[in-house]
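You will see chain A twice below: alongside chain B first, and alongside chain C after that.
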Partner chain A sequence: MIIIGELINASRKAIGAAIEGKDAEAIKKVARDQFEAGANFIDVNAGIFVGEEPAYLKWLVETVQEEVDAPCAIDSPDPKAIEAGLAVHKGTPMINSISLEKERYDKLLPILAGTDLRVIALCMSDEGMPETVEDRLKIADKLVNGLIQKNVKVENIFVDPLVQPISVNNTFGVEFLDSVEEIMKRFPGIHTACGLSNISYGLPARKFMNQAFMVMAIAKGLDGAIMNPLDQKMMANIIAAEALAGKDKFCMSYLKAFRAKKFEV
Partner chain B sequence: MIIIGELINASRKAIGAAIEGKDAEAIKKVARDQFEAGANFIDVNAGIFVGEEPAYLKWLVETVQEEVDAPCAIDSPDPKAIEAGLAVHKGTPMINSISLEKERYDKLLPILAGTDLRVIALCMSDEGMPETVEDRLKIADKLVNGLIQKNVKVENIFVDPLVQPISVNNTFGVEFLDSVEEIMKRFPGIHTACGLSNISYGLPARKFMNQAFMVMAIAKGLDGAIMNPLDQKMMANIIAAEALAGKDKFCMSYLKAFRAKKFEV
Partner chain C sequence: MAVKDIFQAVLEFDEAKVSELTRKELDAGTNIQSILNDGLINAMDEVGKQFSEGVLFVPEMLMAAQAMKAGLGVLKPHLADTDNKPKGTIIIGTVKGDLHDIGKNLVGMMMEGAGFNVVDLGVDVDTEKFVQAAKDNDAQIVALSALLTTTMPAMEATVASLKESGSGVKTMIGGAPVTEAFATKIGSDGYSDDAPGAVELARKLVAA
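Right after this comes the complex of A and B.
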């Protein structure tokens, strides 16, 4: 599972304040905590600061990479902000995210063309949010083929099929899960990654439901997640599900997690 | 999820003693507890009592059905024992189980032919335990087609694809899960049901792993389980997974379970 740690997001109150106050130590702590908990990418988002996003993203990338030896997921739809982050980034970051919405697509494709950048390809178009497997696959086909034509390698693409709440429609869980399975089959070598917590919107016991949905998604082939890696129960569920999905040779990670008492949370 | 409560099994020490001592109250309590916890069938097994199995199974069926208004799963490979149980059973029980092992198959098929009995069809043959999806589908095809030819309705068949431990081979979880999916696709209307705990044999934190595997199996279409319905964490996971799998209209069961504090265990 490729984990994109989502905590450095300006829309979270403490993070927004830390960014505005240039509190590097606060940002570094959240970066380190996520990295030590297993994050493969550290997401950086300064989206709330209109006009200042490029400068803040640059500072975030620098600050995070002073602390941890991990790539960032540069979380913005704005090419100027992305390029400001890219200019100072060491190694190969992820762009979060391109979509099929025309303006976003046209602006981000040139940045990605011919690079080794990882990219989240969000199944969203100007026609709105997809609901069925067919809706999602139609968008995913166009996005993936568009990226491949611009020499983006399939293994650098992380399709986000977009989770919608089952409280709105009982079939939304299945439509998402079947989309993951179909995308992983249709494009060998591709990844799928997304935030899952929207699934339980409007329902109680959300954390419990989110954990079950993560485990189900792993059963269907999901191999990436935009999440809080400090959520120990979620991480324990991921470790067990990956062992069960045959992705943990000799159950080494599972056994290591057991010895670290990770199943006792 | 169709739940077959597994606790009335003579190989469990307290149950073996209760059967031998004809302690009807002890058996009735276990029957009632499982029924109230959500069991749809009460499994009865007196397999350890060689020669006395027919008499004991008859007594078990009578005792259970004096207490709860639920069908039994008559758990024996012996036609005499099954017929003794059937003779006193009210309603339509399940037979646990037929397999493709020649002796068992030939003896049980006439009992099932043309009836409305539910039956667990175990993916096992005289060639041994199946390992791959292909192994399982080969056996399932023969079993299901054999039963259908003898006028057993497909919706009364519960295929058990047979769980094997991932500690033996890392792929055994995936082979099982993909078998569930393929069986459910290949025979519309059929059920899959099995005990899952073997998956974690030889590993630590087995309960945690078993819960994750149940959730994954539900994602792949599993709709039956031979299990301990008094395992509250497992039941909570099943309720959440079924809601996420679109099998819980308006999330009614999920919301009811939340109000009953079932996610707080």
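Right after this comes the complex of A and C.
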């Protein structure tokens, strides 16, 4: 599982304040904690600061990479902000995210063309949010083919099929899960990644539903997650589910996690 | 007290029972206003209250609204014969560049449940379209939704245009990144963080 640590997001109060106050130590701590908990990418988002986003994203990338030897996921729909982050980034970051919304697609495609950047491709178009497998595959097809034509490697693409809450329509879970399966089957070598917590919007005891949904998605082939890596129960569920899905040879990751006491949560 | 039974049936999310009881009350000659206000609308207020308190959840709110709508469907042909007027007209939509519809739909549904006439413009709605719809429908309120920090500026622009339009229409806003402070800053007449709160706010704005 490729884990994108989601905590450095300006819409979280403490992070927003830390960015505004240029509190590098606070940002570094959150980066370090996520890295040590297993994050492969550290997401950086300064979306609430209209006008200041490029400068703040640049600062976030620099600050995070001073602390941890990990790539960032540059989280913005704005090409100027993304380029500001890219300019100072060491190694190969992820762009979070392109979608089929025309303006966003047209502006981000040139940044990605011919590069080795990883990219999240969000199944969303100007026609609205997809609800069925068919809706999602239609968008994914166009996104993936558009990227490949611009010399983006299929293994650098992380399709986000877009999670919709089960509380408003009881088919939304299955439609998402079947989409993951179909995307992984149709585009060999591709990844799927998403934030899952939207599934439990409008319901109580959300963490149980989120954990169960993660396990079900892993069974269908999900191999990326935008999540809080400090959530130890979720991490334990992921490790067990990956072993069960046949992705953990001789259960070595599972056993390693056991010895590191990761199941004592 | 069979109107009370209608109220109860909505709270049990029982669509068939609400229809049946509403029909029975109509046949018995019970005051239509009483069936609507004391039965159906009161029940949705109770659902809203319990939702805000964390006792009921989104799927239950949806089921209650369906049950209420079933009763309303039975009443509707007869409402024209009374001096019943909608509690006001509300234009609702998600602002330009934003495709999120779930929160907006929940608010619209609860507004209908409270007896408002709701005109839903959908998602990714231009400022001009809000202004035009407010005029065409002689609306009292325009309710705006935004779920992205990147589309909150569109909310600000729409609120400004509605003010400039001189129609006197009130505005209210909501959505995950939206705050009371933002509402004040952009000069919106109100903000709510959930659907039942939006209903309460709409009542206040219409009464003001």
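What we mean here is this: the second predicted complex is superposed on the first by the 265 of 265 C-alpha atoms of A that agree within 3 Å, B and C clash if a C-alpha of one lies under 4 Å from a C-alpha of the other, contacts with A are read in each partner's own complex, and residues count from 1 in each chain.
The rule is short, and it goes like this: contacts are C-beta pairs under 8 Å (C-beta built on N, C-alpha and C of every residue); 3 or more make two chains touch, one makes a residue touch a chain.
Since we're looking at a predicted model, the values are computed, not measured.
Of the two partner chains placed by superposition, A:226 touches none, neither chain B nor chain C.
Contact with both chain B and chain C is seen for A:204 once the two complexes are overlaid on the shared chain.
Shared-chain residue A:117: touches no atom of chain B or chain C. Of the two partner chains placed by the overlay, only chain C lies in contact with A:165; chain B stays clear of it.
By the touch criterion stated above, A:258 is placed in contact with chain B alone, chain C being left untouched. Of the two partner chains placed by superposition, only chain C is touched by A:128; chain B is not.
When the two complexes are overlaid on their common chain A, residue A:50 makes contact with chain C while staying clear of chain B. Between chain B and chain C, it is B that contacts the larger number of residues in chain A. Look at A:11: by the touch rule set out above, it reaches chain C but stays clear of chain B. In the overlay built on the shared chain, the residue A:237 is in contact with chain B alone; chain C does not reach it. Applying the stated touch rule to the two superposed structures, the overlap between the chain B and chain C interfaces on chain A comprises residues 167, 203-204. Here chain B touches chain A in the complex through residues 166-167, 170-171, 173-174, 177, 199, 203-205, 208-209, 212-213, 215-220, 236-237, 240-241, 243-246, 248-251, 254-255, 258, 263, going by the rule given at the top. Interface residues of chain C facing chain A in the complex, by the touch rule stated above, are 54, 57-59, 62, 99-102, 105-106, 123-124, 148-150, 152-153, 177.
Against chain C, in their complex, chain A makes its touches with residues 10-11, 47-48, 50, 77-78, 101, 124, 126, 128-129, 164-165, 167-168, 201-204.
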